[in-house]
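In the two assemblies presented below, subunit A is common to both, partnered first by subunit B and then by subunit C.
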Partner chain A sequence: MKRYFAGVDIGSTMTKVVIFSDRIEATIIGPTGPEHRKLANKVMEEALNLAQIRFENLSYIIATGYGRINVPFADRQITEITCHAKGLHSLLPTVKTIVDIGGQDSKGIKIKDGKVVSFVMNDKCAAGTGRFIEIMADSIGVPLEDMGIISLTAEKAAPISSTCTVFAEHEIINKLASGETIPNLIAGIHESVATRVSAMVKKLTIEQDVAVTGGGAKNIGLVKALEKKLGCSIIVPPEPLITGALGASVLAKEIFEKYEREGQMPVRSSCGLQEAKIFS
Partner chain B sequence: MAEEKKGRALATKAAASIPKFVRGNLAATIKAKEEGKKVAYAYIADGQDEIMRAMDIVPAWGESFAGVCAAKRDAEKYLQKAESDNFSRSLCTYATCTIGFDMIRSELGVDIVPDAPWGGMGRPDMILGSAQLLCDPRFKWPQATQHYLRDVPIFVGAMYYPPFDPKLNHHEQEKFYVKYCTEELRECVKFCEKHTGKKMDWDRLAEIVELSDKTWDLFIDTYELRKAIPTPMDTGDAMNTMVPLTFNLGTQEAYDFYKQLYDELQEKVKNKEGVVEPEKYRLIWAAGLPSWFALGDFQYFNSKGATFPVEVTYRGCEKIERLELPKTSDPLEHIAWRWVRYWTHWYDKARKRPGSLPKVERIIEYIEEYKCDGVVFHSAFSCRSWHAGIIHQAETLKKVYKEIPILILEGDIVDISSYNEADTHNRIDAFIEAVDAYKSRMG
Partner chain C sequence: MAGIQNLKGLAKAEKYYTDYGTRAKELRAQGNRVIGYISALSPVEILTASGVVPFRLKGNVEEAITKGDAYMETIVCPFVRNVFDSAIKGKFHFIDGMVLPHQCDSLDRTSDIWRDYLNLSYFHFLNVPHVTDEPSIEFMKEILRLFISTIEDFTGNKITVDSLKKAISLHNENRRLMRSLYDLRKSNPPLITGSEMMKVLVAAMGLPVYESIELIKEIIEDVKGRKPLTDGQRKRIMLIGDQIDSVIITDTIEKAGAYLVMDDISIGSKMYWQDVDEDKEPILALAERYLRKLKIPTTFVDTGGTYEENLNARFGHMRKYIEEFNVEGAILFIYKYCDPYGFEVPAIKSYIEAVAVDVLYLEDEYSISSLARMKTRIEAFLEMIA
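And now, the complex of A and B:
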């Protein structure tokens, strides 16, 4: 009988679910948002529909991401650091360094055989995260998803000297008013984020291959800027948003099977597919 | 209004008695006037502890008071006060906290500052600074303090020790440094004599120095009991039990405290009573001062089955025998040798391992002897002298020793605005998972 496992990654901006058997059966990405945060069950329902299975068919569920404690139906919580490492390794086994640029933080992770060797995180400052780019995109009136491609047409990146997100926004508005082109400004924004992220990641001794995950990986301009700063090429996985959820689902399978080998059953959550009560 | 933090559970009875010690030290600075004693602003690891004790000078420790303000989450008013006079937030927050405190004292024109945590520090009669290599603010902190206490005389000594250079034989240089330190201490004595109107009792000083040596030995013997598995005490407690060594050196109370702690730990070892049950992971606190407002994070580690049987921070002593101190009848020269050798006794070991550093050798020795599975550093942004070298230490450790899991926590010693509990706990969670993976890899 085929067994199914699930990984639920509640990030600051997106919620991701992966249903896994011996391959990826379904992936769903939905917004987290203040209201959605308690609705991990809804995203899970969509994933189950896509995989055409019922909740009861899931043998083990792992929640990850900063909102992992708000998934009552998860059997276990594991941090996104471990899950990213596992997920990325299952997709790209040659990768030794992961750069994750999320909506609220950024991380560098060194891995060996799919396990975390060391990591660094920026969770103190919006500069160096996806949020910085999001705010700047709003300021210059460019859709977030267009930022990457537009920046590739820049003649020269306009330097952004402020590291504080609020002051950087002000600086960009001033530069715009004084005639700086949008592509140059966006390239400058990417360079600013890449500078901060690379300074953080270099605290680890970077070993190739290097991969980038998270929302930042979907921005080609940022990836190029990061490659320049790190001095090496960077691999972008096919769907960089789901590596955490994928890793959680792979870990769910491994943990379940380990218990099974030892002739035991893992402790399961007593909650059904329900929303978190913590926010109500 | 200050936000009071919930009480923190401690593993040992001895550690639980420390707040009384600290309150007692602060109260002594206030009572000193009634007792006709002089009060000196003093700074830890200054080499001047025994001189003060021998001359009945009551030390008022800025670092201790700032730590109390932070632990009570009541430091912000002093930090803001200092900031209002252009002291940057990036300066040492021990310094800016106490400078803000003295600014208020100066503005109010009072000896006792109202509403200070645990009564605050009494007004000093002198400032005994120590601008040694431990940290750079020590040069300017006492001088900046004097700006608000204009009539208070100041002495800033310097207790240097030879820098580590793998190509140089420090044994040849030590004598020069010891001579320099001894002269600095002699100047300190002269300064204290002048401002107390008393002559140094050299026999009494020699006795106090001998008591300090005994306390150093007892401290190490006590802490080595923590090698036991499970460990009977971790760093969460050690951040308290360091008080007598750090702030009461040269007193019988300090010695008696470690005797009490020794007995308690011995009993716990005998009964196999650990800090956590089961003890899954043993960690070393390898560098950095703690966030005094977040000491509860040690319990968070404990909740994951992790303990710290050893720390570098506040282990400010060594077995005297290990230091091989040259014999001298001059107690000041003895203090100077003890200070210099406290640092240099790692140098030979570091020289033998290419690319290593004395601080890294110390960490390696502790990892081996205390059987640690992971390394935790705390990078406190305002403690520049220490945290600037943490990444270098971490990298060197991995290069010359082995690929052991390392966590670098980020925060501050006093300034709570740098701290986010949820993010800190998230890092700890991820680190524990990495340590678990490391242990399973290592079998």
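And now, the complex of A and C:
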């Protein structure tokens, strides 16, 4: 009988679910949003429908991401750092350094034989995260998903000197008013984020291959800026948003099988597919 | 308040931790004088010998700074700002004075603010040198004598060689007992949790030494009879940092699935690991203890030997703790803008990692505002070393 495992990654912006057997059975990406924050069960239902299995068919479920404690039906919580490393290693085993640019966090992870050996995370400031780009996109009136492609037409990146998100927004509006072009501005925004992220990741000794994950990886302009700052080419996995959830599902399988080998039954969550009661 | 007196051991420590300052307030009401101090570099023996109650000032990580920022720039150490905020809000209304050492810039450069705005009857800036050579020891002896004369003037009590020796002996006894309590963390699992230990450390620093001695004795009795709880294999962690004084951080580490078994923090082992030599002339013995034995990042240690020898002189104690307490991972937790520790971070990290113990370096405010992010880092670190 085929066994199914699930990884649920509740990020600050997006919720991701992967159902895994010995291959990926289904992946779902949906917005986390304020009202969805407690509704990981809804996203899970969609994933189950897609995989055409029932909740009871899942042998083990791991939650990750900053909202990992809000998944009552998960059997265990594991941090996104461990899950990203695991997920990416299962897709691209040659990768030794991961740069993850999420909505609220950015991080650098070094991996060896599929295990985390060191990591860095940004501090609580929004500079150097996806949120920074999101806010800037909003203030210049360009859809977030178009930022990357538009920036490629820039003649010269307009330097953004403020790292503070609020001040940078002022700076951009001023530059816009004084006639700077939108592509140049967007390229400047990407350069600013790339500078912050690369300075942080360089605290780890960067070893190739380098891969980028998270929402930031979907922005071609940002990836190019990051390649320039890091001085090496960067691999973007086919679906860079799901590596955390994928890693969680792979870990779910590994943990379950380890219990099985030891002749034990893993402790499962007693909650069914329900929404989180505690809102934190 | 009478309730606390009926409590014993850990229950009493818990109460003193929660209502920090309770006992000092009572003693003040009974006519004693209370002198505040702020760091491990304050010679509490002299305060005890003068008959005052030494009371270590602390902030509250759960309370936002609302008044202090009007007096101190935000580049000042978040701990110092938070304690000052508490002071200016009148939370230490029961102290008669305070002693502030020449230690880091955040203390030195704000000493006038403490002195001028708190308007205490007694204020002394203890001009501790930062190097440890012979002339500095001579200088340290002089500044200890100066401290003694100011506190004598304030209290009207003469500090004699005998009273100083007696105070030294009491504080050594207090240290010896605290180390015995630490010893109970050496077993696996440890007999006392990191959060319980934190409460004991905080309780002790708000008590006169003879009461601290009694409290620790009771706690040792409480703890040594315990049967160790076996709840699975957990990693043994050492916490390194400066003014960490809240169970919120120790709880975060332990709830993430680790045993917190040792510390190298200002209110912890730094206070209790080095005795004052009772066979030496007391002023010299105190000068040596605070200048040479106490390992703090503001004291510049140069052995005149190789880089490796200097590292051993500065951080050798941490490797000893790792061995004695069977430490498997270290968390180096530094407050933002703490430059003495900031400068030490790369050296401490590589020095510990060289003995195959991983180090998680965290930098944060003296506040719980980013607790969730800290948690993720700590959990990821524990997953990494699992």
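A few remarks follow.
Here is the rule we go by: the second predicted complex is superposed on the first by the 278 of 280 C-alpha atoms of A that agree within 3 Å, B and C clash if a C-alpha of one lies under 4 Å from a C-alpha of the other, contacts with A are read in each partner's own complex, and residues count from 1 in each chain.
The criterion applied here is as follows: a residue touches a chain if its C-beta (ideal position, glycine included) is under 8 Å from a C-beta of that chain, and two chains touch if they have at least 3 such contacts.
Here the structure is a predicted model, which is why all the values come from computation and not from measurement.
With both complexes brought onto subunit A, simultaneous placement of subunit B and subunit C is prevented by a clash.
Looking at the shared chain after the overlay, A:I78 reaches both subunit B and subunit C.
Using the contact criterion defined above for the overlaid structures, shared-chain residue A:T205 touches subunit B, although it does not reach subunit C. Contact with neither subunit B nor subunit C is seen for A:L50 once the two complexes are overlaid on the shared chain. Once the two structures are overlaid, the count of subunit A residues touched is higher for B than for its counterpart among subunit B and subunit C. Shared contact residues of subunit A, touching subunit B in one structure and subunit C in the other: 66, 78-82, 105, 115-119, 121, 123-124. Only residues 66, 77-82, 105, 115-119, 121, 123-124 of subunit A touch subunit C when the two sit together in their complex.
The touching residues of subunit C, counted against subunit A in their complex, run 363, 369-370, 372-373, 376-377, 379-380, 383-384. Of all the residues in subunit B, the ones that touch subunit A in their complex are 391, 395, 398, 403, 405-406, 408, 410, 418, 420, 422-423, 426-427, 429-431, 433-434, 437-438, 441. Interface residues of subunit A, counted against subunit B in their complex, comprise 66, 78-82, 105, 112-113, 115-121, 123-124, 203, 205.
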